[in-house]
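Note that subunit A is present in both complexes that follow, paired respectively with subunit B and with subunit C.
Take a look at the complex of A and B:
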């Protein structure tokens, strides 16, 4: 079942690249800077031999993961507190709703002024928008926990701390995880954006550099690398989650297939 | 009778509602002896669940006194365990059956002592083969037994049960009733069992109380002088069973039934 899905997905990609290759090689589509996939592949192969591309991947990956970890840690902690306490919600939710729609990219000039060309600048641009999906989903997850479970915790005489750790957090874990997944995709996007118009390093800067150097094969190559990175990060997170939440995942996968 | 496990006198409960305060319970009084099964019958809206929440320490009465083993209640007490009707919400779906049952005792017991206690509780409800399953893999009746095992694992003096078999089909319900009687025999636990099913109340109870009216109060209470062990077929055919059932119905009709 799973492998069939995988084959179908890869097959779709192959058809896409095949069409692209056919349209460009046959001359039906002719732009000066749209190379055929075969040309992009050669460009990628050339870059893979050197160290630069790997360093750029490493930098962007590090910035995205670090920003994601900070945003998820803070966002989930705040979200859980807000989910638990109606009073705190009453005083803070208006601020959350006001700050949440701010486009993360608007923080680039602010971050540049504060931190110059640095990893801190990137982290600010990543954390500012990425904290929200983590916060909102974990808050919603904790609020949605059945009141019955709170009754259970009270009658089993669990302490406040163990009520949170053994009941509320696991019950909210699927929602927290959804927040973490949304946050991870957004972290990569924000890292690349910060590098394109701010800190001149990593994959984001590499795309701009190759564009200005008129190397469309390499430019497209970098774009594909970012796409692959997004898929790998998401798959990695889902794998970790499957290890952490064994029962929950078996339940969801069985229900999803029924 | 030995010292009462629960003793209630003049219990009142007023809860805030959208249209002002609402009286839920009025002048409720009864006592529960050690090892006794008290079934409380009532139509919906007579405050059955509220009464059980008071006994569990989840709700505080606005008047009267509730004593557990002679002491005034102050929140949930050690020795009082509750089984909710909605087992789907009350079980931790991400924990295996064994770890659900361990939930109330895993603080004080570790390792083999904990495993032994869990196995003992699972054996009492006939689920020792399902220790490693997850609740969502079990039928409704089995999930309810997991909840009962979780309560039993704490070795409670009293088991509070809120229409525990209300969501089960008739055959499963009959089996569960007999298992409850067997459990009481094996452990000597006292039980307050809430139901809207008159037959169930008479079949299970040493004593039956009728909660009726709005606000609810106990309008009828009598001992069930039916022999043990009870039998799903023979007991229900006894003239005495039929007579008690008849009296119950008549009393409900006299008090206006759905208050």
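Take a look at the complex of A and C:
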């Protein structure tokens, strides 16, 4: 069953790229700026030989992961505090709900004003929207911890700190990881956006540069790389989660949480 | 009644205190001519200036129009394709990997591709918004159809309902909650993509006003517009929550359907 799905999935990909190749190289679709997959592959191979593409991948990855780490650290810390204390929630939640919909992209002009073309500018654009999924999911996770578990902590007379580290955080870990997973996808998106309109480095800028230079093969090449990068990052995080989490929580489904 | 429902959606308003405190401190501490952190009263002046010049209204309107057109197109596209892929298991298997891959492309990079293929036009902007925001709707709809219990579909079959009636009476109502979940993600994504296209291409809208303000080092205008965008995004999210609540009270999700 599983192998059949895999087979069909790969088959679907092959059919897609095969159709694309066939339509373009047979001349049925003649569109100036849509190269055939074979041409894109050649462009990619050419770029993979040089250092530039790898540096760009490295820069975007670094910015996205750094921003993700900052946002997850801060978001989870605040989320746990809010989850623990109904009073704090009461006096802050409306502010959170007010700020949360603010689109990250709107921080690009502000970040440019404050930091100019720099990695800090990218980080502000990444952290501002990415902190919310981390915060909201960890808050929800802590709030959903069963009453019985906290009773156990009280019965054992655990200190506040060890209650958090030994009882609450492990119980809330699946929710926190779901937030971290959403945050990771968003981090890459925001890094690319920040590089497209702001800091002219990395993969985001590379796509714009190739578009303006009328190199559609390289542009599509960079786009395909970014798709692969997103999938690899997600798979990596899921792999780590599988190592960290016990049995029943292993399936990190975003369904119902997105 | 309506107001009660609205109030239930929002956390207690005392929670606005931290935000108000930050703005108040900012107002008191920031020097009047600060190039980086202008006090909030200057934001207000800048926004008033934009309104007086007749710039803000049309920009907000343009942004909202493109946002709405793109999102509606995405809903139609995502829901139709999602239903189709959902009810045909063979198609679902064959397109699964391709859809996952296409979905993984960061939405911003679709903009340069669309510019190359469609040129600079409002149509391009709406197309980009529709394409990028259709993904969460499509994938959630597919998952929603897949989660319908076999038993429910069997009921339709044993009542000898024609295919179309089964779709309308069983499949579509059961899929609505998942579809709405997708739209929830799509709403915030659509705001991001709309602004991004405006900033990137200079098509008229709030995004363009923000970039213009930044290029002129007019920090008050940039911060003021940030507040305007925040308020707009908040209202759009709230409006979506209201609509979702209305739809779900008409067609309540069944626990059994989602298991």
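Here, the second predicted complex is superposed on the first by the 234 of 258 C-alpha atoms of A that agree within 3 Å, B and C clash if a C-alpha of one lies under 4 Å from a C-alpha of the other, contacts with A are read in each partner's own complex, and residues count from 1 in each chain.
Note that a contact is a pair of C-beta atoms (placed from the backbone, for glycine too) under 8 Å apart; a residue touches a chain by one contact, two chains touch by 3 or more.
Predicted, not measured: the structure shown is a model, and the values here were computed from it.
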{"item": "Clash or fit (per the criteria above) of subunit B with subunit C on subunit A", "value": "fit"}
{"item": "First (subunit B), second (subunit C), both or neither touched by A:101", "value": "second"}
{"item": "First, second, both or neither for A:189, with subunit B first and subunit C second", "value": "second"}
{"item": "Touching partner for A:109 - first (subunit B), second (subunit C), both, neither", "value": "second"}
{"item": "Partner contacting more residues of subunit A (subunit B vs subunit C)", "value": "C"}
{"item": "First, second, both or neither for A:58, with subunit B first and subunit C second", "value": "neither"}
{"item": "Partner chain(s) touched by A:91 [first = subunit B, second = subunit C, both, neither]", "value": "second"}
{"item": "Which superposed partner A:151 touches (first subunit B, second subunit C, both, neither)", "value": "first"}
{"item": "Shortest span in Å between Cα atoms of subunit B and of subunit C, once chain A is used as the common reference", "value": "19"}
{"item": "Intersection of the subunit A residues that touch subunit B with those that touch subunit C", "value": "none"}
{"item": "Contact set on subunit C toward subunit A in their complex", "value": "10-19, 35-36, 90, 93-98, 100-102, 104-109, 111-113, 115-117, 136, 140, 143, 181-182, 184-185, 188, 191-192, 195-196, 199-200, 207, 210-211, 213-214, 217, 219, 222-223, 225-226, 229-230, 233-234, 236-237, 258"}
{"item": "Subunit A residues within the subunit B interface of the complex", "value": "146, 148-149, 151-152, 154-158, 162, 166-167, 170-171, 173, 245, 247-248, 250-251"}
{"item": "Residues on subunit B engaged by subunit A in the complex (per definition of touch)", "value": "56-58, 75-76, 78, 80-82, 84, 86, 89-90, 92-96, 103-104, 107, 134, 136, 150, 154"}
{"item": "For the subunit A and subunit C complex, residues of the former touching the latter", "value": "4-5, 8-13, 15-16, 31, 33-34, 89-99, 101-110, 112-114, 188-189, 192-193, 196-197, 204, 207-208, 210-211, 216, 219-220, 222-223, 226-228, 230-231, 234, 255-256, 258"}
